[in-house]
Amino acid sequence: MSFPLLTAVAALPAIGAVATAAVPAARRTAAKWLALAVSLATLVLAAVVAFRFDPGGDRYQLTESHTWIADFGVRYELGVDGIGVALIALTALLIPFVVLAGWHDADPLEGTEPDRRWRPTQGFFALILAVEAMVIISFAATDVFLFYVFFEAMLIPMYFLIGGFGDRAGARDEGEAAKQRSYAAVKFLLYNLAGGLVMLAAVIGLYAVTADQLGEGTFSLQAIVEARASGELTMAQNTERLLFLGFFLAFAVKAPLWPLHTWLPNAMGESTAPVAVLITAVVDKVGTFAMLRFCLGLFPEASAWATPVVLALALVSIVYGALLAIGQRDIKRLIAYASISHFGFIVLGIFAMTSQGQGGATLYMVNHGISTAALMLVAGFLISRRGSRLIADYGGVQKVAPVLAGTFLIGGLATLSLPGLAPFVSEFLVLVGTFTRYPAAGIVATFGIVLAALYVLVLYQRTMTGPVGPGVERMPDLRKRELAVVAPLIALLILLGVFPKPLTDIVNPAVEHTLSDVQKTDPDPEVEAAK
Amino acid sequence: MSTTTELTLRAQEMIPAPDIEYGQLAPVLIVIGAAVVGVLIEAFVPRRARYTAQALLAGLALASAFAAVVGLAAAGRATTEAGLVAMGALAVDGPALFLQGVILLVSLVALLTFAERRLDPRAHGRHVDSFAAEGAAVPGGEGEKAAVRAGFTTTEVYPLLLFAVGGMLVFPAANDLLTLFIALEVFSLPLYVLCALARRKRLMSQEAALKYFLLGAFSSAFLLFGIALLYGYAGSVKYADIASVIADTNRGTTEALAGTTGNDVLLLIGGALLVMGLLFKVGAVPFHMWTPDVYQGAPTPVTGFMAAATKVAAFGALLRLLYVVLPGLTWDWRPVMWGVAIVSMLAGAVIAITQTDVKRLLAYSSIAHAGFILAGVIAATPSGISSVLFYLAAYSFVTLGAFAVVTLVRDAGGEATHLSKWAGLGRRSPLVAAVFAVFLLAFAGIPLTSGFAGKFAVFKAAAEGGAGALVVVGVIASAIAAFFYIRVIVLMFFSEPKVEGPSVAVPSPLTTTAIAVGVAVTLVLGVAPQYFLDLASQAGVFAR
Amino acid sequence: METLIGLLVAAPLLGAAVLLCGGRRLDRTGHWIGTALAAASFLLGAVLFADMLGREAGDRTLSQHLFSWIPVGGFQADVAFRLDQLSMTFVLLITGVGTLIHVYSIGYMEHDERRRRFFGYLNLFLAAMLLLVLADNYLLLYAGWEGVGLASYLLIGFWQHKPSAATAAKKAFIVNRVGDIGLSIAIMIMFTTFGTFAFSPVLESVGETGEGTATAIGLMLLLAACGKSAQVPLQSWLGDAMEGPTPVSALIHAATMVTAGVYLIVRSGAIFDAAPTAQTAVVTVGAVTLLFGAIVGCAKDDIKKVLAGSTMSQIGYMVLAAGLGPIGYAFAIMHLVTHGFFKAGLFLGAGSVMHGMNDEVDMRRYGGLRKYMPITFATFGLGYLAIIGFPGLSGFFSKDKIIEAAFAKGGAEGWILGGAALLGAALTAFYMTRVMLMTFFGEERWRNAPTPSPKEPSVEPAAETGGEYEVPHPHESPKSMTVPMIVLAFGSVFAGGLFSWGEAFVHWLEPVVPFEHGHPPVSALTVTAATVVALLIGVGAAWLQYGRKPVPALAPRGSLLTRAARRDLLQDDFNHVVLVKPGEYLTRGLVYLDHKVVDGAVNGTAAAVGGLSGRSRRIQNGYARSYAVSMLGGAAVLVAATLLMRAV
Amino acid sequence: MNPVNYLYLAALLFTIGASGVLLRRNAIVVFMSVELMLNAANLALVAFSRLHGNLDGQIIAFFTMVVAAAEVVVGLAIIVTIFRSRHSASVDDASLMKL
């Protein structure tokens, strides 16, 4: 029994969360440093995972397996394939920046020294770490039930993060802001909970099916996949489709896919920038990840059956999200809709069922995480300076705060996937991967890149260029802490944009496995070109 | 020879001297005995000493009864040695022992909240609990004032509690209709009285008692009539006999009985009335309407006890009835139960949304949960039984805990149960709010809480039992239900505290323990339910 | 040798990195670093060029594989360079002109506190442009393609505090993006068809696929070219791009970047050869644009915008030539190079004029400047002669060849194209003469303040003249600015002749760019004569209009065509009506829809459940007896249902 | 006569009792109606006991009486307290808690 590395990666932040929460009220700063230290330690462990992972090896590695709830056929089964590794790495990577960026977000308002028992700061960072732990577990879970448990459970800390620590720059007066916040939080929770409960029904159904055919019910992904491969387990067409829908719905809410997206702009708009990053860059990835791992893995036929519809939805998301982003007045909501558009790309890539598409989608998850983090966090810094989320309240920032403007621009360029920055690689892969099998879809999606250019550049022009706007005159440029957050992210964007090979090497084999699950192979080129 | 002497003669040979397995009846006997002793204490022990004496006695009794249950279980009475005792009046088998165990534990915890006397401000320098100084006195009248001044407390609640527990112990174990009926009354009557004994808001408390009593009596009348009909159908009230009559084909013994014996109409009507009597206790729609009012009016510790223990006992009896007596009628009762379950889940969840009183809110949520449990009952499989057992265990502790927390939030008028007063509780006392949030999340069935494990078990059983549709409805209902649980959490954490808002009383170790136990069980059953699931599944077989 | 190729790109890239991340401490030295690295990469180019000449025509192609960029399944994108005669030509042009313009900018941007960043952007542009022409596969080319787009975005919007500049930059980028759709789709088709998108395999095996595919790819590439090279219908951004500092206009929007489209078409010649339809499209676009640009050029009063129109039109020539296939490719490139020289020179001249005239760009506020800035006048004049194709100068050789080739296309098509080209030549002569006369001859219209102009939509606000009008003191520019102009002037005089000396240029390119002699229906001499005649007509017309009678300081209302031309032939109005407005309505509509319908559905459901709850709780009316009723009813239902179950 | 008639009588009494519960306001009367229902059940039990010729029914009847008595005790206690605090024994007056 080797050292349970994956458990450790998840357990570390969990323990850290408890410890942080336990820090006494007076020692606020200590809590922050503790949280930062824990997140960094987690990053180190995640790095170890990444290095211990052998792309050429088995599909799932670093596996752990213990019975958990025998009656439900539930096992505590962990294991990572390349996709899991990539996303765990992403999560572990982003959290330190989230912590650092949110350094002052949960400080008590000036003047109001809270009573001893109410410790928002500790709670804030503890919750962030808790989310990290749960996300990592769900990326590593190879047992459907185990995954589901954390898929659902992570809603609670997220819910408190959104509702409890809203964007103070948000609304006019605190009461109004609080109303908006709790609306956003409740909407987030209920939306995802509803999706999750539908999934619960499907999970139970899955158990019933396996119990019916394999003698005893199981949730082990590998077991089910093998059983299906060997023909022991055959699902009736309709059953499989229903179950698929149950799963897919939950993931589509999480992802989020049009028309189940409306919770995201509220959630991202009302929460602080770091939390918004947590939502869109980390937590939502669980949804797309799960489509890739569970929807395709468990229900290949149904996935093939649903593909046309899903592709259509993805395309709608891409265009719709971009158009709405153009129409936004609120910086953070704009970024939220941009994310919806990007999630459209990810889903498109996943269901294109080609190695480029799915590889691209996986890269997309990572790159979108980083780029959105960069853009959103800089936007957060900007907003915290001016105290307003409205684009109209800005102008000419680049004159007073060139570095801030510059980083914002780079973040934006990443978002519109400029070559040389990471998102280009993934976006182009998704497009090509889609085009090879569904040319029409590929072409439609390609128009997304123009719209992306529109919303990013319009945003940049309105906020950063032109004559210096009122309230912007003496806006300070990025501070050291803020630079420490943004610079590494940008460096990563460039690195992964120029030399993504290490990532693709890890991801490719996993994608091949997934494709073999759905018995799909890349279409051959029409002409075998002279090499 | 006249018919009477003939009858008596026959009676003599029919009625042998009963032999009673006292050992196996120990749990019941201990509790009832203690209750009797309690009454004597009321009679003879001086007032000052009563509280201590009663509380200790009750605690002791319940604990030892639980020990006895454990002993029996250890002796294999739950599995291999399961059988009928007291001339087949009672069954000592898995479900019975499991449920008795749960009931006893629940009542132990409830007892702690009963005995709590730090919450109410001291009256004339004396600690007082949440029960009326003198139940009989007119609210606000001279008599009451005098009683308060004299520092009276209604220590009768302990014997009453014990009687109720005794009845509840018998209820799920009852193996003939008569015992069932008696047990029902034995645990109902004390509850009626307990409901009337609130220290604050006495008018509401009395009203609750009245409603509960009248409707309870009404329902037990139905139950009794159902019993009569079933007796008429089978000529016996023993479960086994009835079952066999239902099962065997050659019906009718004598010409005279041809009209009645084995007459399915009798059977069906009787069964329906019987089931209705039980559904009333369970609080399933449309027999639920007493629940909100009684839950709100009764003293909160009693509400907690009632909500938890009564459900356990009643569902136990229902299970036994459906699985032992009426298995032959599965195809008759199942569809009906489907209906009841669906209506209960939906109505409970929907109506709860607009509630403004915590206790009423919990009442409606308990209705919804009754629906969920029924979904497991309907499964009509061993896994169905065990899932229900597990759910009951999980649910009862969450309920207890929740109501215990409710007792802590108080203002000048006693407990501040109006939701608006809970605004910003999370800021005032994060811990209490967090604990309550945990219970709410458990009610909502969020993973890693016992609520989720239970819900999963039940739905799983239902799905396997071919009640997939029920699962879907259940899921929808849970989604709706989630809304109002979340609403309370929002209220506690995300809204600004009211200036004149309630304060959170610092309880004595008693209530603290009660709540702690509730939280512990909630989390343990949520994270590592395996052991208890095993227990439940071992206990999943009825003795016939 | 191969290893040097990478350095070509690396040098300016390094410069960009250093200058942009370096921070204020580099403000004093930044421009030197930038210029030095540009020069370094030019020297590298020269070395490689020498080396290339050293080997015989057969194996002059160098290639360098740096690393595998995006390997996913069959999709293998490498970072690999290919240096052949074609790319070498560009390398020299880019680095050469680039270096000159760096030097020029040292003087031109002297008083701008953000000069360091300016040089950073220029270096970034060089790097991207070199990447574009050195890439050995379409994806890497695409990277460079967007890279130059970015650089151009940054440089057009360099004076971001001017809203007009910011808008122009955004417009340029977005229009280019539209073109990029073409390029990326083309790449996708290539990958789907050939399983690769590296130059050689694709171009070699393009014959094996159907003409349909080739046409599709061709048209997509053309779309891309239109975006980058400001060809109709994606031409609208170039005029506004003049908001950028003049050196930028010279380097990016005259000499190099805008010609990338031509490079793309010529590079993909094989594909177009396999797709006649696509070729027709190309020549059409070319012909239309060369006229379009010329007409616009005739009407503008803003000197830079005239030059912009002229650029458009000259590139039209190149595209036209490139569309003619093997008979045109070489000349397209040749014209591209010569154009690089004289157009850059002209822009620098314009810049020098503005420099001396308080950044005034309205030619109607110039006049008689030749005695104040002789060098500028001389260099500009030579550039002028070159561009109108005055016999013996660069423009003459390159343009004349294109016109010949156009006729040589044969048939009606040939006549139309040739005619268009001739007409273009005449127009070119007209508007360039106009510029010369209005700027350097005639009376000095800048001496007295401008009378407030009537509502004249055409005249864009010139550079902000703060407060009341102070009379400019025209003066010659510093050395750092004049020297590059002189160098470029030499280029514009001799390059053409040099290249045409025994068709040296054609043969130099031949190994990579197929060439065959076109056979015009009439003798080459006739064509040349016609060209000269056209040019004389143009010059004459211009002299009649602007040389003989004084130029009004305020633009006369002018004919309908003139006014349309001033508004860039209504291109923006067209886009506004057809794209922008509907787009705005669409987005607004969607925002409303998202809020009211998509989100409304959710909130509606919640509200509905709430309402249901509110109603149904009334059942709980507090009366015990009504509870009893419900119980009784329930019991009845229960009994009935049970009996019913048995009945059925 | 045919003992089955007693059953019909029992059913009748039960119905009367039930409707009494529903129709009468006075708690005492309501309660009496409940008692009536119980006795209806008793009658049925006895009748069945006669039909089956075994004593179970009668025994149950005895038990029922005892239970009924107990119910009276508790019930009257509650009703009386209510009456004393409200000066009314009307069931409908006790409707503080609703909705």
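Each chain gets a letter, A, B, C and D, in the order it is written, and its residues are counted from 1.
We adopt the following convention: a contact is a pair of C-beta atoms (placed from the backbone, for glycine too) under 8 Å apart; a residue touches a chain by one contact, two chains touch by 3 or more.
This one's a predicted model, so the numbers in the text were calculated from it and none came from an experiment.
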{"item": "Fewest hops from subunit A to subunit D - one hop per pair of touching chains", "value": "2"}
{"item": "Longest centre-to-centre distance from subunit D, chain (CA-based)", "value": "C"}
{"item": "Chain nearest the overall C-alpha centroid of the shown protein atoms", "value": "A"}
{"item": "Centroid spacing, where centroids are CA-atom means, of subunit A and subunit C in whole angstrom", "value": "37"}
{"item": "Computed distance of Cα centres, subunit D from subunit B, in Å", "value": "24"}
{"item": "Between subunit C and subunit D, centroid-to-centroid distance (C-alpha), Å", "value": "97"}
{"item": "Length of the line joining the C-alpha centres of subunit B and subunit C, rounded to whole Å", "value": "81"}
{"item": "Multi-chain contact residues (two or more partners), subunit C", "value": "606, 617, 620, 622, 624, 628"}
{"item": "Multi-partner residues of subunit B (at least 2 other chains)", "value": "210-211, 214, 218, 222, 292-293, 483"}
{"item": "Where subunit A touches two or more other chains, by residue", "value": "190"}
{"item": "Chain pairs in mutual contact under the definition given at the outset", "value": "A-B, A-C, B-C, B-D, C-D"}
{"item": "Complex interface listing, subunit B residues touching subunit A", "value": "386, 426-431, 441, 444, 446-448, 452-453, 456-457, 459-460, 463-464, 468, 471-472, 475-476, 478-479, 482-483, 486-487, 490, 493-496, 528-530, 533-534, 537"}
{"item": "Interfacial residue positions of subunit C with respect to subunit D in the complex", "value": "617-618, 620-625, 628-629, 632"}
{"item": "Touch list for subunit D against partner subunit B, complex", "value": "4, 7, 10, 14, 17-18, 21, 27, 30-31, 34, 37-38, 40-42, 44-45, 47-49, 51-57, 59-60, 63-64, 67, 70-71, 74-75, 77-79, 81-82, 84-86, 91, 94-98"}
{"item": "Touching residues on subunit C, where the partner in the complex is subunit A", "value": "20, 67-75, 79, 139, 142-143, 145-147, 150, 153, 157, 160-163, 165-167, 170, 173-174, 177-178, 180-181, 184-185, 187-189, 191-196, 200-202, 204-205, 208-209, 213, 583, 586-588, 590-591, 594, 598-599, 602, 606"}
{"item": "Subunit B-facing residues of subunit C, complex", "value": "606, 609-610, 612-614, 616-617, 619-620, 622, 624, 626-628, 630-631, 633-635, 637-639, 641-643, 645-646"}
